[in-house]
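There are two complexes below, and they share chain A, which is joined by chain B in the first and by chain C in the second.
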Partner chain A sequence: MSGQRGNWFTRHWQLIPGSAWMILFLIAPLIMMIYVSFWTQTSFDIKPDLTTKSWQTFFSQPVYYSALWNTIRVWLIVLVGTFVLGVPVAIFIGLFVRSNTVQTILLVLAVIPFWTSFLVRIVAWKPMLGQNGALNIILMKAHIISEPLSFLLYTEVGMIIGMIQIYLVFVVGPVTFMLSRIDPNVIEAARDLGAGTGRIFKDILLPLSRPGLVTGAIFVSVLVLGEFATPASLSGRKVNLLGNVIVTQVGSLKWAFASVAGVVLTVVIALVIVGLLRITDLRKEV
Partner chain B sequence: MSAEGTATVAADATGTVPGRDAGQPLLQVRNVTQRYGDKVVLRNVDLDVFENEYVTVLGPSGSGKSVLLRLIAGFEDPTEGEIDISGRNVVGVPAHLRNVGLVFQNFALFPHLKVGQNIAYGLRNRAHDRLSAAEADVKVEEMLHLVGLEGLKDRRVNQISGGQRQRVALARTLATDPKIVLLDEPLGALDANLRASMKIELRKLQTRLGATFVHVTGNEEEALAMADRIIVLERGRIAQFDAPERVFARPETAQVAFALSRFNLVKGRVEGGSFVADGFSLCLAPDHQVLSGPATYCVGYDRVDVEEVDTSLAPGDCSIVCKHVSHEYSGATVTYLFELPDGQHFEAQYHLHHRKAKRLEEGAEYLLRWPMARAFVYPGVVE
Partner chain C sequence: MYKSPILKWILGVYYGLFLLFLYGPFIVMGILSFQPQNGGPQFPMRGFSIYWYEQLLGIIGTSRAAPLPVGPALVRSLILAFMVMVTSTVLGTITAQAFRHRFKHTGFMFYLVMLGFIVPGVLVGLGVALVSNQLHIDKHWWLTGYIVHVIYTFPFSFLVMLAIFNRFDRSVEEASASLGAGAATTFRKITFPLVFPGILTSLLIAFTLSYDEFPRSIFAGGPQLTLPLTIYGQFGIEIHPNLFAFGVLSTLFSFALLAVFAILIAISVKRRARGRGIQEEIR
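Now for the complex of A and B:
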């Protein structure tokens, strides 16, 4: 018996640091969060007496459950937006730019905004989108509008514009990478066999860049679903996401309720990732 | 200037190839020049390829042979000139509407599709004449049988060997019944055994399908063995375009002889009706004596006889006495290496079926002789 245990240990001891890390910083906090979500919360205190009161509050009060729907809606809009803008850029850099140097330069240009602080990037949108902001000035000078647009800043529109810009690079990067790895001869072979551009996109480029598309979607999804700073800043607190609920509740020391929102958010993110991974098995592809 | 000269020769030659109906050529490349910036890759290329012909394009890397294929396939358009397929100018017609099949050097199989799906790709996705899944399936089975890959239909392309991938690439192209099949160094990625068997098979396939093949290669053996006619490309120009026997019997330029790697090329000059180099001279046939100035003397390895120094010469023989360096035995042939008085190399190759091998002493002097009529002199010096 002891010999076998020794064998097990010598064979598997390398798993220990990783497992310890995961248990300490992922599994244990998750269990703790679920546990705390059932604690009893009073105005000034929290007690480990189990109750479902926080859960009932979350799903009965519109201000909270609508945060869930808001999160999912904003996530979908931003995801579609980053793909609509990011994929063409990736196609241009990954397929049409043949020189490796130019490819790298363009990718670095796409990443440069990312070198500034997250908060700076959000706040920088204010002078762009405001009533007297750059966008309104340009549109008025170009005589496209006669009065400044007021729906740009401190609205959901402004928040979504900001988020799309901030997260665009997470789509451009992986998709460009996958596209640039496609052998140009393979695309030429498809054309040589008689396939038009549409067919080549659907049957060759789409499947071969799918791991990049899924990676990009996972990046954007995880980041957007957990957002709280951009809505707070650019929507003027008009849009409440799950992240904002958590921040507010933690801020007022409502740990049980914050845990409920945390569990809900974790479940949503987990479902989204599992769903995206069903599209392609990243381990098999790369 | 010389390109126009060779082009005329090529055009004349097409009419005289035995067994060919000199009808409308299937493929005509007319005065095509291709430039990338200042770099001229193809220069005034003119060629006709007829239906059911197997043409090889021989040239070293950088001679423009792959570019020629890409122009015919439609991936690029020539800077100047015209390309006609079945009498119709196709410059500007995109590749997928040309019905020309290109087999890529690296095969360029679709990595995410199975063998059968690769072969069916053209049939299912081409712009016109698209087949249904069932129809394509029949054709796929037929092609798998044709290239000897029965039973591999559902394999992934990364689960099969290099030789099998080559066959899939070929089957994928042949499945669409292209008017012209272009092969870009198709045997380059295969090992020696596979190369030998694919050589025979490609030729068989071509005969069986009655298709027109244009096969680009850097390997002279392949070019000679497979072709009805060989195009020898030399720095973007056609140096010679003729039947392999004729190219081999009478290389048009020193570069052609060099590309065939079966000729001694001796550097020197023609002076007063004979070929002279540092410390020796070689005899010339009367029709070569008109040249003067720097020149290259050319005689096939297998035209050279090795004799004892005191052997008497027959009339019409050229000879030189030089030092034996070493020999190379390759099974069917043995090659004797000699050093000319000025240090240039000279080889004599004996096909062991026809001539008996000689036992030579390294470092000793021997008399080499060859028929004067089999030696050529070209103006200029190679390399």
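Now for the complex of A and C:
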């Protein structure tokens, strides 16, 4: 028995550093967060006396539970937006461009903004969207509008525009990658055998690009659900997501209350990820 | 479907618009960063100067805008990114090595690592802050900040190294050993050159992600701010074109990093093409 265990150790010790880091520094703190969400919060301190008071407050006050609905609404809008805008780009690069070199160049151009600072990307939207912003100037010069649009900055619209632009990359990248690997001869053969465009899409393109679609959806979902910087900046603090609730509560040292919002966010993310992984097990794709 | 020329044209034009949407804000930011002293963070341009770059770099002492406190934060961020990229690549390589043997619960281990980027940064930061409060451990960028950064970059390093090892022909290592090369020689001459592009990619990704990280650092990073936290601090107050100048410089820095990476990869590929004579060297 001990010999076997020694054997296990020499063969699998490499699992230990990575799993230790994740369990000690990620899993344990998340369990701590669940525990603290039941602590008693006074105005200056928290005590480890268990209570459900913070939970009751969260689900009884509209300020807080509306953050939950805001988070889910914004997540759905941005997810649909990035797919509607991103998938045609992926189809163009992956299926219509035949030269490998051109394909690579077009894909690199589409994903390069990923390498730039996230906060810079948010800031860059301010001079675009404002009352005197570039977008209004262009639209007025083109005589499409006569008055500057005021709903672009410090509104939910501005925040959504910013988020879609920032997170588009995560749909375009993986989906293009999967589409470009499809052998054109397969599509050709299907067509020769009499399959229509709809059939080709449903039976060839969709299944073969599914891992890319799921990867993209996971990236966008995880990033949008945990957002707080873009709403704080581009919505002018008008839209409150769960992330904003957590930041505000920690700012006023309401750790128990922040933990409640944290646990709620964890549950939402877990449901979304488990749902997406039911479509494709990414483990098999690496 | 992909043969229809009309559809191809429509999608081509759409791709152009997509690039405009993607790059438009950067272009506008770039132009506005060259506002003169009396220019604001929006159009119209009141001239053209490098005033705000000089202000950002501290060449001009007094200005109506407070200087961006980026200097010490930049140093901290660079040191931190360096620590994180090394740790993350070592952890990622070791863990991916483990996946070359079969073991039970592969799926569990895989998703345990993936949790590092699946769990939103704000939650990771909150959890680590709660634990460090409870244990009375002070939060520092080089301690708790470093820990949460590695949680974030480790999954990416792991995926890169896993992809490398999956395409790696085990028999070349065995061949090297059976031809009489020692473990050290095999590693130096065979294993390392084969995994080198992966290691380089992992280093680059971990460095870039850490350098730009802020939702985790906001709670776990301690009182001394990293560069992104300094920029985040500007969000609540009136912005000046010096923030745009910073944006331009930081974008150029990211691209320079990418260029260095591309050159190193090109050199390693060329060396491998040349190094078909590895057999002779071992002999």
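Keep this in mind: the second predicted complex is superposed on the first by the 269 of 286 C-alpha atoms of A that agree within 3 Å, B and C clash if a C-alpha of one lies under 4 Å from a C-alpha of the other, contacts with A are read in each partner's own complex, and residues count from 1 in each chain.
The criterion applied here is as follows: a contact is a pair of C-beta atoms (placed from the backbone, for glycine too) under 8 Å apart; a residue touches a chain by one contact, two chains touch by 3 or more.
The model shown is predicted, which means the values in this text are computed figures rather than measured ones.
Superposition of the two structures on chain A shows chain C fitting alongside chain B with no clash. In the superposed model, A:159 lies in contact with neither chain B nor chain C. Once the two complexes are overlaid on the shared chain, A:185 sits against chain B while remaining clear of chain C. Touch criterion not met for A:260: it reaches neither chain B nor chain C. Using the contact criterion defined above for the overlaid structures, shared-chain residue A:123 touches chain C, although it does not reach chain B.
Applying the stated contact rule after C-alpha superposition, one finds that A:134 touches chain C and leaves chain B untouched.
With chain A as the corner point and C-alpha centres for all three chains, the angle toward chain B and chain C works out to 80 degrees, nearest 10. When both complexes are overlaid on chain A, the residue A:12 reaches chain C alone and has no touch with chain B. Residue contacts after overlaying the shared chain place A:203 against chain B, while chain C stays out of touching range.
Comparing chain B with chain C, more residues of chain A are touched by C.
In the composite built from the two structures, the nearest CA pair linking chain B and chain C is 8 Å apart. Shared contact residues of chain A, touching chain B in one structure and chain C in the other, are absent.
Contact residues on chain C toward chain A in their complex (touch as defined above): 1-2, 7-8, 11-12, 14-15, 18-19, 21-26, 28-29, 32, 41-43, 91-92, 94-95, 97-98, 101, 103, 106-107, 109-124, 126-131, 133-134, 147-148, 150-151, 154, 158-159, 162-163, 166, 208, 212, 214-215, 218-219, 228, 231-232, 235-236, 239, 243-244, 246-247, 250-251, 254-255, 257-258. Those residues of chain A that touch chain B in the shared complex are 183, 185-186, 188-196, 199, 203-204, 207-208.
Within the complex formed with chain A, the residues of chain B that make contact are 73-75, 94-97, 99-102, 104, 106, 108-112, 121-122, 125-128, 172-173, 176. Every residue of chain A that touches chain C in the complex is listed here, in rising order: 11-12, 14-15, 17-19, 21-23, 25-30, 32-33, 36, 85, 88-89, 91-93, 95-96, 106, 109-110, 113, 115-128, 130, 132-134, 137, 165, 168, 184, 187, 197, 200-201, 218, 222-223, 225-226, 228-229, 232-233, 243, 246-247, 250, 255, 258-259, 262, 265-266, 269, 273, 281-283, 286.
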